[in-house]
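Below you'll find a set of structures to go through.
Each of the next two complexes has subunit A plus one other chain: subunit B in the first, subunit C in the second.
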Partner chain A sequence: MNRLIKIEDFSSCREQLVEIDPAELIPLPPPYDKIEKPPIRKLTDDQLKRMDASLDGVVAIGLPPPSGPEEEKAFIDKFLAGLAKLFTVENNWTFLQPLVHTLEYCVKCQICSDSCPTYIASGKQEIYRPTMRPEILRRIISKYIKKENSLVRKFKSSDIDLTWQTLARLAELAYRCTLCRRCAQVCPIGCDNALISREIRKIFSQEMGIAPKEIHEKGSVQQLRVGSSTGMTSAALKNILEFVEEEIEEKTGRKIKIPLDKKGADMLIIHNAGEFMAWPENLEAFAIILDAAGVDYTLSSEIAGYDSVNYGVWYDDFQFARVAILQSQVARALGVRKISLGECGHAHKAGIVIADRVLVGDLNIPRESTLPLLEEIVMSGKIKLDPGRNNFPVTLHDPCNMVRLMGIVEPQRRILRKIAPQFREMTPHGVENYCCGGGSGFAITQSTNFPDWRNAVSGRMKFKQILEAFQDVPGPEVKKYVCAPCSNCKGQFRDMFEYYGAWKKSGIMYGGLVELIVNAMVDIEKPFHQWEWH
Partner chain B sequence: MGTLIIVLTYIAYVLIVTIYTIKVRKWLKMPPHIRWDLYPVIHEKHYRYGGSYYEEQEWWTKPRPKNRWRSLLYSLKDNFYMGEYYKKNPLYWLFLLPWHLSFIFIIAFHILCFFAAVSMACGLEIGASSASLSGQSFYYILLVTGGFSFIAGTCGSLGMIFIRLYDRSLRTFSMPMNFFNYIFFLIVYGSGLIAWLAFDPTLDEYRTYWLGLITLSAPALHPMTLLHIVLFDLFLIYLPFTRSTHYITRILAYFFIRWDDEPNQRGSKMEGQIIELLGQKVSWGAPHIAQGKSWAEVATEPGFIAIKKDSK
Partner chain C sequence: MAQIELAGKTYEVDEDGFLQELDKWSEEFAQAYAHTEDIEGTLTEEHWKVINYLRNYFQQFGIAPMIRKICKDLGIDMTKLYELFPTGPAKGACKLAGLSKPTGCV
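Presenting the complex of A and B:
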């Protein structure tokens, strides 16, 4: 059993709190059961001097240590100022009610712990318990915000000594939760420990300007500046679309002009720009289906109009609102009737649900998922499909944001049941799914050894589940498809399958939903889906 | 002593009702938040698999029926079954369920006692051999609810002490306050159990006490019953200072957070509230957040004024 870390250790322990021991991680089925190398690379001495890794030897943010007591004090004071703002209506009306409820009413029953894939996969490392972050925060609030006296604090075990080290560890710890909200789903009291992770991230971002580079600087800031978190400019987009059109022609013989900035189109479709860069076949498939079904749509080349991602949803209310508002402004300028989102889970939740109470007046343009539209096209017979063309094992990954967090569960399943004869579910699935391990920005966070942690720990449960879904055909000779209608999840699968060598050892490939639909289209001669690892 | 008991009981009831009301009002008064729904949402048509109205094309053009009764039943039902606990930690559930139920039953017992006392004041005789059926029913219902609450509360409190010490996860996150509560509640329920079993097996004294309460006449009670009632009054005064409000707020959290899937519509009351909140000045200190600006100005720069005018 791993070492029992106490909250006091977050302040007092001078060593690294936890070392991820491969022997303690939950076992995987063969051939992944052998421990060949340490699952997580060690940081170099130089990195350790520059970045704090005292939580678990892993770095998502990597705060530089303070130069002296004054800097340490300023850091703590700034954090406390931010923490106090979380409880004011003007600064945090957005999440005040769920925040206060979780902090005040959790009964510490630990029912949520066993639902957390990260905690379980880690071999139940105490630091990853869903209740750990809220408990640290509660103690800081008790001592430094409410200033409860020491007797009360003893009675409520709410004492804590706040040091730079405590906060550096807390900041990292907020980035060990994928915000999958599986813990919240089972809480009998209606508390939400995932939200606490997000609120901690928010203090660091909104008050102290601290967030992982990939999410803030190269993420939402870049998206607001150049148009996409990938760095893709409007001009680059146009080039890529030309490339996509050529590819479509080469693969299918069809000449399709992808509508761009078409005023008065019925809908604006926004894709995750990751598709443009890494998986253009997803865009090709969308274009083929929509063209065949005669859908009146357009893409946009305006800033934020061609990238559905909204990283703010993971860490910063204002960055979130800025992107959501820009996307709506693009749609308003185009005069479309609605916005429809491509295969991206967090963009779904951010754009359709969460933005709902930020967009007012004529910015509140109806927004929906493309999945029901795809279902209607597939079921209506508008395109002719031969499921025999998808006669290989397929399983479906449920992106948390799209499924547990917004209830889009069946359209994608009804499509797969119709077009993939060997479709099988994972256990558990639907709203009880496990996160891919790359949620809340993890899939794009490439800092030092963080990807190792993500693949070995936060994604481990999902990887195990995938292997189990294909346990009747384990060998690489049978090619298998994990259908993930989400760019972030695909990014995580790409990295994770590579980390474990799953393509070579088990023949497991990942891809989107539309690719499978097009692969089943009878009037497209060559198979659209290529079993080429990328 | 009888008069003191009456005064103390009234103080206890006034306090518990007032503090609970203040706490619930405070909870409800918090501003509307950003949607943070989590599925399954029980009032939804496809709640069995967790489906939502987003599964339909152009969902905003379709009716969105909400089965509120199902939601209410679901959230209340769990108070008597506590299914998640059973699934995740059956041993804990074994002690938690009776402990939890003892609170519900003891409150129900007192409410029933009140009605029994009113009936007695109106001339109804309550007892096993009462001439009227309602007198007999009252007698047995009181016996079952009271007896059950004393037994469940005593066993549950003992069990909670044991499980909080025995189970590593629970132990790690336990605080002295937990154990104080369990011991205090054990004394409250235990004293009730002894008073009932040893001195007042028909709960006649309890009915006399309640009759005294509504007729404002000091009852003559056995010292053990007296002791239990004093302890119970203290228990009522103490309860609102614990996390016990979660009996109510958990249901509010289900309805107003987890299952709150109400879309914001143009011109709606909610939109009005949001516009007001968007207009408040924020004071976050990070460099990417401008100082002295409103929420909406920070989020839109030039946009907010236009939005506000448009939506009026």
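Presenting the complex of A and C:
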């Protein structure tokens, strides 16, 4: 396939632009160096008729082709109307300034390209360059919004023909960037090319109702309707909490009543509902630690009060604002002093940082991360810890939103240094970390062949890093723990380790931070952490 | 929308084969669908125990139960669950039970 994809090809090329060639992906260390199967499943003929896969053969959205020229024109017009709106203060109260800055000041020096794990891991596929999407957008703006004359455009070599195909490819391409913002971090003039991906998604969602099902219909919309993107109702939450309390008693002998809807508690803790459904041990560990440390907190059973996710932060300002306001209202009604967020990265970004744009007056209540609270508890001596109980290799994954975006770098490390004698860092780490590959909704986008793409391409750099962190103990006989204080990252690790067979081949398991703390607690008899793949 | 034909009947499914019209589920559907989830031959009593458990929980709470709860309430371990449903409880078992695909950060 033609590797030197030009922007013109987005409009003119009828064939699929790029085919991911396994031989071009960056190599992994043995035993993962052999290519055993095509890394990405091909769509069936039937699927190809219904869904556009002309970017790279992969589908996150899968737009149905237009029925005729009229529908194509309406589609383009809607997009352009949405694009124009992005540049007005009333319609872009979230990110107008960094958007304009990025579009106007980027000099295409390509420093960001070398920092992008997806671009590098793909074997430097042109289409995945962090500068590709902004350049397409710039050209559309030049020709169709600013209507610069053709000579100017020729001089700036910025021509583009806008067709349905161009936009279908652009929509998919906006979902090949994990929004990890490593590109923004290295940019010498502060451009944020990841934001461009996010703003493109925003046009498609807000103006055209186009977004991956898992993120919008089954995500934000379901959360606002029933209370959680998992579909978990308030009744289901209570059923699960009972189960969690039983499990705590069986595992530790402790009878703990998890506070629910307790008015006037000091803080409302909101977990990612994924913990309730898939990783109850995380909830159990939180409950055990907070109980032992005497923290005055409560959970909520109100809609949006028991699921910290706010997928809108990835694709839609309206969905974002609705969830952020609801969560804050829940906290207000409970009369808590602050909201504290559990192990979920994007919820940190949404709830603590970006929500400042929408929460005004008494809704703007203090919001913080539980990581510093956990550090305080671990360092205070309130609970007795024996690091010998965690005597296995542990490495730490840095969720991009907590670490690069917010600078919460050290609390989790100081905890691990104290409780995990074989803790080792990945290279690079901290604010320079690589994304798990599941960021910005990728880990929950489970349909068609998209999971193959994220396991093979966007998560590849992270998988390589993890293997390298454990290269002194590569075999499956030594059980290893990737500590990932984020539900989304955990979901990605579960899928990716399964995809590569890493549990069987290398004994690599993943889990959260609180589980390791409880596993080190001296007065709990049995080991809390179970080496059982799940 | 994708479709699938099983034992002479056509069903609407999502791109990954999860039944879209939940009221169309029947025991025949589950049996006819089993081979696509790597289950050989006739579904056993143990399979049905899991399938019925999933359906009951779903009717009560609108979601699939967490895997650990399935194991605990039915007194089987994770290995056994994977033996029964080789493609996994979240995929294979939920699919045969006619539940929607799990969503959210799970």
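Going forward, the second predicted complex is superposed on the first by the 532 of 534 C-alpha atoms of A that agree within 3 Å, B and C clash if a C-alpha of one lies under 4 Å from a C-alpha of the other, contacts with A are read in each partner's own complex, and residues count from 1 in each chain.
The criterion applied here is as follows: contacts are C-beta pairs under 8 Å (C-beta built on N, C-alpha and C of every residue); 3 or more make two chains touch, one makes a residue touch a chain.
What you see is a predicted model; the values in this text were computed from it and never measured.
By the touch criterion stated above, A:105 is placed in contact with subunit B alone, subunit C being left untouched. When the shared chain is aligned, subunit B comes close enough to touch A:131, but subunit C does not.
Of the two partner chains, neither subunit B nor subunit C is touched by A:526. Within the superposed three-chain model, A:369 lies in touch with subunit B and out of touch with subunit C [touch as defined at top].
Touch criterion met: A:231 reaches subunit C, while subunit B stays clear of it.
Of the two partners, subunit B and subunit C, it is B that touches more residues of subunit A.
In the superposition on chain A, A:344 contacts subunit C only, with no contact to subunit B.
Of the two partner chains, subunit C is the only one that A:273 touches; subunit B does not reach it. Put simply, subunit A uses no single residue to touch subunit B in one complex and subunit C in the other. The touching residues of subunit A, counted against subunit B in their complex, run 4, 6, 78, 81-82, 85, 89-91, 93-98, 100-101, 104-111, 113-115, 126, 129, 131, 135, 154-158, 181, 184-192, 195, 205-209, 221, 317-319, 321-322, 325, 329, 338, 352-354, 356-364, 366, 368-369, 371-373, 376, 403-411, 430-431.
Residues 46-47, 50, 62, 214, 218-219, 222, 226, 228-233, 235-236, 239-240, 243, 247, 272-274, 276-278, 280, 307, 309, 344, 443-444, 446-448, 487-488, 491, 532-534 of subunit A touch subunit C in their complex. Partner subunit A is touched in their complex by these residues of subunit B: 27, 30-41, 44, 46, 49-60, 78, 82, 84-85, 88-89, 92, 96, 168-170, 172-177, 180, 243, 245-246, 249-250, 252-254, 256-258, 261, 263-266, 270-271, 274-275, 277-278, 280-289, 295, 298-300, 303, 306-308, 310-311.
Those residues of subunit C that touch subunit A in the shared complex are 2, 14-16, 60-63, 66-69, 72, 78, 100-106.
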